[in-house]
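First comes the structure, then the notes that go with it.
Labels A, B, C and D are assigned to the chains in the order they are written; within every chain, residues are numbered from 1.
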């Protein structure tokens, strides 16, 4: 698998001159390395190669940067706006002493905003296999699967219940957050691969599962979660009480639901916030989000909370709804105070109501956004108590029925867009394996020799570039389709891209040539280079810990801890015997042209 | 190229299990980070270990200077004497207990400057002392004055216009003083240092090791890592270490050829 | 000296009392107090009098340093905690020192709360919590003759008294955010207005839209599209526990650190006391933040004793009675005004 | 104490730029008109080895000693600075880097050690510097920026000084350093409200004249230059090396040269040779090197050849504590070496005197044909004072040689026995006065001779000659009112400054105490000293050595009881120590 690189004797310098050295590894130890050392890519369900696309954006190759995203997550423009950003929580720049995480998500959007006019991503297409797959549901997950399957050479036909594709992206997310042209463009770039799309065709009603199972080699159900979970309290049927999701679908499909003066939103997710902010745009004067827990426990981003409050929405904590009261229509909600109990094993905290603490919150509109679950449709096979097909296998795509697969929110329950995309792609992988008996895509760790980065230490002190938003509230709330976040200026994006440490660069000291002079440690920006007595390894054989020492006789190696390293390059610059190498290490998918092996 | 994670871990373990560094002391060397002396230290370390010398039968005697601190960082017997007088002390030690392996270490100021007068006599006596000259051509401990081996034109605070005195050539001196083993080596090549030391320590007479090193703190001009790395090179294949004249000629002809210059055939008693 | 190390964050009345109590109950242990402010502990409730010049700076201070030295209580003043690791039982300081503890009492008090919607013009509003704030007020008041109080919590009423005593013109703006920690409904508002106006204060209702600085001594305030001029705007939206450093640490934080009636947090060896602790109050049917000097001292002692294994509950005053600043105060405590 | 009296320390690891920071601080404060006395203690060790501390005392009037209480500590390395806490005043302020490169366990930060009465000013020195200049190297200047802001000192003066120091190193370096300074200054301005010392009086001079910050070593070198020294031979040794380095720059401009010899033995030899040939030359060394020189020094005594040797004392014996101060070479300087070998030994007490006494040494050496030893010490050499630019006393510039009278031509007796003991000396190149000098005992003409009477006579001659030098040597100075005194404090060298401050302090408290400054160590003014002793109930002699070497030298002069206040700590004696002793002595009387 791996070519040996032979260093010219003595003169270490010329090591950096040797022709591009590339090798691939599939050793679990190396995969483990990636999980520890490139935290952002590891955190991304779709394993987006984040350092690479930030670097290319830094080089002002916006289209390429977009492509690097597109390869992994299919919807760069969309996710650049609505992603839940698990990567940023893991960004090394966010470590306490190092400041705030890189604004990875908004850089993604910049790549989309500034790519070449009419830029089209050239797919690598495979010869047709003469096999066909039906996909039910044109949401993020279904579309992602459609993309992968058709590139591999399947004939893909999609059935969508609504009259436009996009699923939650279109019907769950308000326009002020995600402009429709952006969404449409990225959906088209998938459909153009020769995918046939039938809209307005609902499974069960307009299409029958047994027909599909008969007519197609495989069927993938990615119908999402469209059944709202009710509060299950008295009065929920009163006029003026909406289910969050239906409310959003109405809003997004243009039929403005009627909201009154004072709206209460019950729920804690993105949907709750979308409902609240939409309600405001529909004319409510006073909107409150009511939480069972506290702001601390919210799963939405900090910016989201701040924007909501800026718009005048108030967030009320520690209250559990008991009943909705009112004559003729909703007039108020009775809540009871809650108290947090000790933390459970799974890290979640129990919340218990406090006896006798009932109180009333007057209102005229109640939006219940406490979540939704998958919608059942009739199909053979094992199902759970809600009638949902139970996913099988590690990758959770197969069902008990041969040829019938599930993906996306339908399979997992409500999740994020990026998870849905990852899901869809994994399902495609499984289907391809089952139908071709081989895999077309193989994950591998790609290592490429490189020279030292041109990053300057001072870039580490650049402030995180904030996303500009439409300032005057009047203008913002004026119409429902004004995008609140206006996107980075080119300069801001470029500035932000400088902040990335480029964790995909691997710095290593060659123990055979090190003279233990500690020059590197002297110039290190933090305790990233260590005097090591021994290392701990995991079952995969990868290093998981260093035993440091200051006893000279016990210093067996001087090692760079890539989990602490911020890739400033100082060490490699000063090493007297040039024993520090820099390697670009990336988690990639290799395409194998021949079907199986 | 990146070492695969598994290999890397294995590598550290093998070094750990080899105990190769057990001849060091617990003291972290106080030389400036990046100092060439680390390379020399590494070489000496490996030589002692590969010869499997019992550490308690090794004695290191030093003078004053950065190199003079060596005994503190070595897990052997050591003696830090006064400036320039390491060779006389070492002579006493060796005569008192011939069983010991005696290493005398010191810098160029210590050995060619204040102690320069001792070198000829140590060589003449040809007692089995291994004298290792850490030659970085500068006074480091007193913060950068020219040394006897500083090249002409070296600017320091004490020679603002550049030195005008000719530099001494340790190897040539040792050869001309009649040392029976003379090696010239480079701190950046610890492997060769180890090899030469193993040969020299086994040599029954006085052995002189002239090691080119750097002072990263005070010499940014001459004996820098880059200069030494690009200029030094091994002795020609054709070089015969038993040939005294050839050794002299080599030293006269080339300042940067590295290796064992001269190794006299032991005189049959 | 045993290995125990009890750590108190905060050098206010609660923190101080906790430290002293711990020293008594655990003579063998190390006791350390960490405080952001670099001054000896003083009596914050006297600040209004201090502003009026009725109380000197010296009189604000309580105990001398020697008191703590004699008791071997280590004071780290002017130092700041940025993170707590409840699993490892250690705190991280802003200057990157890591300090392990056996027991922790959080008594950091509160910082003035400014609603997000006011952030745009926060720099044009004064708050009153620290000695530094008080100095600022004293200085400003030399130059201006009128003040507008918005929000309105206990301190604000004390201050208003002071301002009137100093012969300043005072307006008081009430809205639903007012009278923290109590909810301000219509009935409450009416009572408050009456009280204030009896006291010679102009009471307004509404929400601030904007504040513009006209000059060193004049601000232009817009409330519900009506614009008027005043010398100072004082923001009194109550306190937010000063616990930014606990974000994501695992403790539940709402308006304060939620604790049970023994002042214990969800973590066994961690207690909270003083303005930053939030205890459920059946009377209010809401969580309330204990306010006032006396309470803080008391809570400090209780937290310390309980950390040392006792089980003393805080008695929450019965319905409609909270005691703060020695004033008898109830859920309509401004009636005392 | 009335007025401003502020002691500031910068402490770090060597390599942190501690010394540089101290230098800039001193210059900046001096230019703002404060009196400055600064003393750095740093190891002549390899980088990474030791602690560097600069201590500076600033005031509105001159001070000649360091106090033992520091008002402000600038920590560039907490590990090192911790050890300074005990030396801080109760209300001291501590400036430190609150963003070290990595997390530290409890008590590793200086914050863990300051007393609550002290004030901590934390600023991310390294980060600010890295941010402003792209590298943390300028963090020492960032620290100064914070200092300037916190103490309300003028940033412009600091910038002026930084520019002066770094402009030669090129625009890039200069900008980096200015940026680093400004970063600290601005950060502190917006971070800390409190301003200390902003009561600073407008001390800055308007007439453009300026005191010059001068170290003892520089003053010595300048004194030598003023006296027209032509040749310098030396060997690097702490703390004398800077003299060589300074002259290496200056001498060539004046047609002279510095030759770094291979050791002290050859250095003193070359100096004797040069003087023998009629040229002013000198060498400077410290204890260990001086010990090597003694044989040749006595050769100079014997052959009556002039030489000027600076013995910059450091703590001994042997290699001792190379970077610590001590006054323990006195007896070695006076008596060291084989045989009865009288020579002249003088000891300045402050930086200005370093200049004048060095200049005078050449004059004396030539006139009395003897090695002259100028005794300084680490504290005096390395401390910096801002002094009025010194001017040479005219007679020190004159050629001090006494040449033989033309009449003596042909019958020249090089060692002619005279009343003064001085015999005219010819120098090579003078026609008709040829002679041979030797280290062997000799007769008037210079030829060797071992007869008892001659050796006796020649020994008497050599002592007579040195005694007669008293006429040209500075007499002791007295600081006391007339009449009997309870305590008389006699002191020498760098310790005198502390003694004087203590005495003045005691006098201010109404104690009858006086001070006597002795700068001529050998020969010394017996009568003046005896008269002073007779006025005192007790004599207190503070000095920085274990035995009390000055007491040993002059203690016998009178019956008065001698109290020895000796210290072998390697650090300068603080006035408070001497004051305490004075109280003790006076207390005894009260009891």
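Criterion: a contact is a pair of C-beta atoms (placed from the backbone, for glycine too) under 8 Å apart; a residue touches a chain by one contact, two chains touch by 3 or more.
What you see is a predicted model, and the numbers here were worked out from it, not measured in a lab.
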Sort the chain pairs by how many C-beta pairs are in contact and tell me the top one. A-B
Please work out the Cα centroid separation of chain C and chain D, and write it as a whole number of Å. 58
Roughly how far is chain B from chain C, going centre to centre by Cα mean, in whole Å? 69
Taking each chain's centre as the mean of its CA atoms, chain A sits from chain B at a distance in Å of 59
What are the residues of chain D that contact at least two other chains? 99, 102-103
Among all residues of chain C, which ones touch two or more of the remaining chains? 92, 96
What are the residue numbers in chain B that touch two or more other chains? 31, 33
Got a list of which chains touch which? A-B, A-C, A-D, B-D, C-D
Chain A to chain C touching residues, read off their complex: 96-97, 293-297, 306, 309-310, 312, 317-318, 337, 339-343, 349, 354, 356-359
Residue ranges of chain A in contact with chain B within the complex: 2, 5, 10-11, 13, 21, 23, 25, 27, 29-30, 32-33, 447, 449, 506, 508, 511, 515-522, 532-535, 537, 540-543, 550-557, 559, 574, 576-577, 581, 583, 585
Going by the contact rule at the top, pick out the chain A residues touching chain D in the complex. 97, 456-458, 460-461, 524-527
Chain A partner, complex, touching residues on chain C are 82-83, 92, 96, 115-117, 119, 247-248, 250, 252-254, 258, 266, 280, 282, 285-287
If you look only at chain B, which of its residues touch chain A in the complex? 1-6, 8-13, 15-16, 21-29, 31, 33-36, 38-39, 42, 73, 75, 187-190, 214, 216, 225, 229-230
